[in-house]
């Protein structure tokens, strides 16, 4: 219920077409969401053109396809993360034009390819094993209306490879950096660029990498001031926040 | 060495006033910083009006005053974090107009009060014990040219207090959320707003809060997609990144 | 041996029908259980109408069916947790009327459907992936004679969904809250209701959720005073304690 | 704003004494707290006779005394936890009849000594070093209107000392068990009684007790089904929840 | 080389039958093992009648059978721990009289059934899931020449079951206690008996048991003075040390 | 109440000098400890000649002196661990002949210097910083009636120093090994001797020693089969168990 | 661009054949790698005769074979670590003379068998389960041009076996020590030799070995001054560094 | 006893001036160290000119001065680490020419300033707070006869500062890299140089740096193959091993 609807209700009370009791009932049980929160969601949709998102992990194929079927009745883009090949088949039968990326487990259905981001988002990763996480970040940022520049295999132990890409880095408005093992790349990138850097620790590594903890701790302790961090392997979250920044 | 200087050198080679050997020597040993990196730093200063920053922790009063003395010869603002009262006295004797905030240990010297941020930055904290961290974030964002709206004591166990502030939250372009204990506040705030949320775990708590680890883990696992995280008690980092986002 | 039996024994000593030596023997070797503990168990059964419980995990199907077979000779309800489909088949062949819930792995056999709880128990969870744990809590509370109100998918990042359910929450006499990831939901619910809240961290999440540790720590550090915590994924324990509270 | 007030507003709209615009304004900005949440707090106060509580830790003496001064204008009891001797002096000068317990750092001011708990709460601890935590739990439960039975020094390595107290344990309606080191006491007590047991790990111990982690883990893994756990050294939380259970 | 041989060598130097250079050579390269260490091993074998032991884990069936084949040429008993069914078949074909215990993965071949332990060793466990570890301890102690009394399913949450067994416990010269989850049993048993207690944490449990860490920490922090601890699931080590104590 | 007393009571019932009601009362409330447990304690005292022990840590000087004063009325030796100099003064004024060892914080009062141990106990430590823990173990074992042979500064990085002491090690009936840092010494000693080895991790070290965790883990994973472990810095526990083994 | 090329460019500027603008362009965008870094890589190749290395883990068979195919066009040796049998087949079809070591997953292709190491590298391990890690270290060091002396099964619990090998150890110029469980071997070896020791913790063990953490911590805390550490199971890294040391 | 002394003894046996019994006695009790180990130590002294080293931490001033006094009777250099100012005064009164470095707590007494290292050792650190650890490494390497090149404040977030120093780095024969926080510097340096890199994590940082754990994990997971790691803040160990490498 927006202000206009509220006004109409009150006027119908005033002119007697709605009894007081009916209005009390309607207002008393009004979910407060209606007094502002629904607007939040709507506002967000209008302002951001955000896609609908489904986290595939922990859901059955039936559940994912069912939710997707309902969501596709709306006009926004659809993004499914951490999906299985079975889910991809289900979505394909539902919306033939869907894209499936097996490495990252991402499925996308496009409805609106408008670019809303004001600049480029660079997504960078240290090694080839980090590519699935980078891919999740890239696909997310794209489906949210951004141009994305992906720069792979620029780990810190071969610093010249990274430095060779400094032009591309310096043209980005936000940089996402995915790295496993020691997770040092965001610090170096953070020192090269002046924009926000979103660091994504990946679970790549063995032994004392502890499934990404080493990289996570490294990133949280970055000596570069422009670095923030998301959860291990959370390419989606990085792509999402980068998109928010890029459209602000 | 910038492009212009390079051109002059080459022209002096062409017209014979500089021998080839001299030019080879000069170019071969040229620190690459000169081929772009110094420009990076300069560019950043120009574009961002960034303050000079000194981390007081781990330095002696003499070191901090000495560095500050050198930096104050430039025209930019000065921010000193995690300082001691002795450092504050030293800076005061150096630049009488300095501000000292004992709760957070921040010292500021203003040279330029231009607002460069395009919107407001909201800084939010859960309890009164989190205020020193909030203060560090707020003072950082202000000295980087932002209007800051501070909202305190809106912990999740009294959700109506937070909801009462939703208008202020929704008018922010970036939100910084500081919370200790269970660190749940960024998730709730993240769900209320459409902009990026920077979560700062604080070391407030006891027992199984483990000096901020519980809050840190909570924030890394936030179910709100627009949340990124910085180190425990790192109000400075949050204020710094929020400023970058707000001026983009 | 109860007081009455003890009195009879002593009287038979007094009147000479039992020799002192016999009485010494009987009293000396008396398992202390007989001096109160067996009564504990019996008392509990009478007062609480507690079901018999088998933890399926770590037992073979044969063991579970064998134990169940023995227990079903008594008249109380039977609850088997963390069971396999094979166990469910075995129990079904033993007691055709058994219920099997594959998501949580719970098997129930009803003998007594009396409601002994004085109010409702609300079971709440943050996301759909938490439902198996919620189900274990719900099924446990029901088989212990309670009316249970299940409220799903009310995570803190969409706080209005939770607030929409506040009436149901406020009618509960105890609330069980299951949440993974950051585990923030119990704090918010704890602030909304005046009754005890039992928090169940779930292993839902990835990366820095560390199999439920993040949620566990969040709950232990809850800023709501009415929250207590059980082990990760321990829906049974939460349902059990909630039942004790609800019948007191 | 309650239903009656809403009805009055709508009627004044109907009869023209309130313009529609005024009503829209009043309803639109209505904090939702007014639609039920304030009632929650009030309801709680009425139903529970809860004391006002101040956590002294992390606050200055001035802050604590100031908050207490404001709260004491109400008629409810006042409880201050984790306070310093200076705070105790400040409160004493404010309310001469205040009690100060140095071991636990608790301060109490009584306004209402009505017993509202329906039974006894037993508070149990393993060793003399656990007594400060037990004291915090006991003082909390008392000030919330409960009769408390304190049983000290009944650690599991001398099981007969605990068994000697089984009568007292079995007469309790809720049992709080405080233990450091291996934290085994709640499991044993949980097996002896049929009522809910709230386990409080204490930071008592050395070496691999890790400041209470060993006890915390032990309690979370209790093989007794009626045990829930609060944070390390959180006697207040245990006393609070036990009071809620005892008055239900 | 023992003292007698050394004396002979020196005398042959004295009388000239061995040149100085030869003696220097022989003495200089003398492995020190020869000065006592080989005797150590031999001494141990004689005094202890220790079995030969093979750790199956991390070895191939061929390796285990090969080593066993060599060892069986000696007369001592053979114990293989953490073996696979394939290893059991291989050993059976080698020494038909071998015993295989699938639950614990132990294989035994008997050559000498002399009882060398001076008293009984009690092995105790909390729940049925702990039995494989108890079994490894029991089989080890038996094959080292001890009478073993196994007491199962006496967890601390049903303390009367344990107390019913106190006579058996008090007749033991060493007690091994295996427990998972909270690992409280060794503390209670330690308080009941006057002899050494060897605690074996097991990996039984879920969630915050962390694969036996909770039990391990509980046992290391035992408030009973007579408890020492071995590695998680290390029934063999417990049986081995108990045997050493029992034969001393 | 022992068997004899029980018999007397029953006979007085039989001959009428005690009414049945009185006997019922006496037997019903009989702590079960009296039916066997008190005997345990007594038995232990007789068989073991155990000292009374007070853990000074966490107690006030007044409490320690008060407890000591009561205990000294008995004839057994007194051992106080982790005491302060103030406690030592208090005990000295109480029992002039008391010994105080500042390095370990141990106080001893001797009443009975009978040697009850059947052999020697060797206490070994790796470095001089480990000596306080070794001292606690040594003083405990001595006051429990053992001859102790202390071998210091035989760390594994200078293996010949340890090997030089092998004769002394091999003459011990139990060996206690205290080591910090990598905690490797118990494994090496365990391989040299045939008797039980009790390993005591110490908190000696820095950085990744984590206050003794590295040493603790090392010892729990010892490849020597005759090693059991106690808590970090728990010299008392090691001395206590070694004494039990040595007198068996 | 090397110095010669730079000189040529400048001379062509001088003689007018290259316009200044062209030279500016060429120099400005010159990747800095060209100003020294490529030389680094080349220098390394020349000085060290280093093999090309592919980490098989996290790559597909196709990727590994493709990379190998490209690399084999150069003349250096090829080393592939953590490979699968499928990769080995693929490489065999590519370069028939390839070696495959299934235990460690190493594949080698030889092009140059020159010994460049100045002395021997000893590789030592504690138990047979550590052999795969030792093998990775050995094969790496060999393919980098070293003579390697492998010494297996010399764990610290049988110290005489290690001491028997002291001659071989003392002839090494670098020693690599691989050990799991308590990880004590590097400390003992470090005390025996005067050269650098590289410690490799292995994931061999169970329970509190935590996948190699216990060994890792032990090695980091080694009391031998000549020990440095690499990641858990990182035989390759140890072999690589040992080779660098041995050729210096 | 060296070979020559052994020969003399045997000859004196041969010529009758030493009775066989005397020689047996002397040889039998000969510590085996003398049969090879003393040679190790001696050999090391000769070949390496190693200083005597005292770890001040955990020792009293008296102990340190006493040990130093004894050691100074030999001719080698003396190094004392982690010393207090009191120790420095004591050593100064003993050997007036001693050097004291308060930042690192190092004391040195020079007897022999011969350079035995074959090249330079570079010591590098990320920030000024890391300097005490760098200083310990530098002073150690110097006193062991090396030329040391110290390069400070070249953290990875300002990569051009590090790159500016690449010439100095590439002239080193070994590089020691000290870094706290994210510990990324060794990886970058490792990629720049071809020689061994010894990484020293420092305890510099706050929050999730966990006293150096983040840096330690980062270094253990370094993607540069030429990096090995020592304990947190262990500058001495790094300097020691670097010296061994540099003199080989």
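In this document, chain identifiers A, B, C, D, E, F, G and H correspond to the written order of the chains, with residue numbering beginning at 1 in each.
Note that in this section a contact is a pair of C-beta atoms (placed from the backbone, for glycine too) under 8 Å apart; a residue touches a chain by one contact, two chains touch by 3 or more.
Here the structure is a predicted model, which is why all the values come from computation and not from measurement.
S.K.: In this assembly, which chains make contact with subunit F and also with subunit G?
M.R.: Both subunit F and subunit G are touched by E, H, going by the contact rule given at the top.
S.K.: Based on the averaged CA atom positions, which chain is farthest from subunit B?
M.R.: Relative to subunit B, the chain whose C-alpha centre sits farthest away is E.
S.K.: Farthest chain from subunit D, going by the mean of C-alpha atoms per chain?
M.R.: The most distant chain relative to subunit D turns out to be G.
S.K.: Same residues or different residues: which describes how subunit C and subunit E meet, taking over half shared numbers as same?
M.R.: Subunit C and subunit E contact each other through largely non-matching residue numbers.
S.K.: Can you spot which option in A-H, A-G or A-B is basically F-G again, with over half of the contact pairs the same by residue number?
M.R.: That would be A-H, since it shares over half of the contact pairs of F-G.
S.K.: State, to the nearest whole Å, the distance from the C-alpha centre of subunit A to the C-alpha centre of subunit C.
M.R.: From the centre of subunit A to the centre of subunit C is 40 Å.
S.K.: CA centre of subunit B versus CA centre of subunit E: separation in Å?
M.R.: Comparing mean C-alpha positions, subunit E is 60 Å from subunit B.
S.K.: Between subunit B and subunit C, what is the gap in Å from one C-alpha centre to the other?
M.R.: Spacing between the chain centres: roughly 50 Å.
S.K.: Among all residues of subunit G, which ones touch two or more of the remaining chains?
M.R.: Each of 32, 37, 127, 159, 163, 192, 207-209, 213, 216, 220-221, 225, 231-232 in subunit G touches at least two other chains.
S.K.: Let me know each pair of chains that touch one another.
M.R.: Touching chain pairs, listed by label, are A-B, A-C, A-D, A-G, A-H, B-C, B-D, B-G, B-H, C-D, C-E, C-F, D-E, D-F, E-F, E-G, E-H, F-G, F-H, G-H.
S.K.: For the complex, give me every residue of subunit F touching subunit H.
M.R.: 127-129, 160-161, 163-164, 204, 206-209
S.K.: Mind pulling up the subunit A residues that touch subunit D in the complex?
M.R.: 3, 6-7, 10-11, 13-14, 16, 20-21, 23-24, 27-28, 32, 35
S.K.: Under the touch definition given earlier, write down the residues of subunit B that touch subunit C in their complex.
M.R.: Against subunit C, the touching part of subunit B is residues 126-127, 155-159, 163, 180-184, 187-188, 190-192, 205, 207-210, 213-215, 217-225.
S.K.: Show which residues of subunit H lie in contact with subunit F when the two form their complex.
M.R.: 31-33, 37, 57-59, 63, 201, 203, 211-213, 216, 231-234
S.K.: So in the complex, which bits of subunit A are touching subunit B?
M.R.: 32, 36-37, 40, 43-44, 47-48, 53, 118-119, 163, 166, 170, 173, 192-196, 198, 216, 220-221, 225-232, 236-238, 240-241, 244-245, 248
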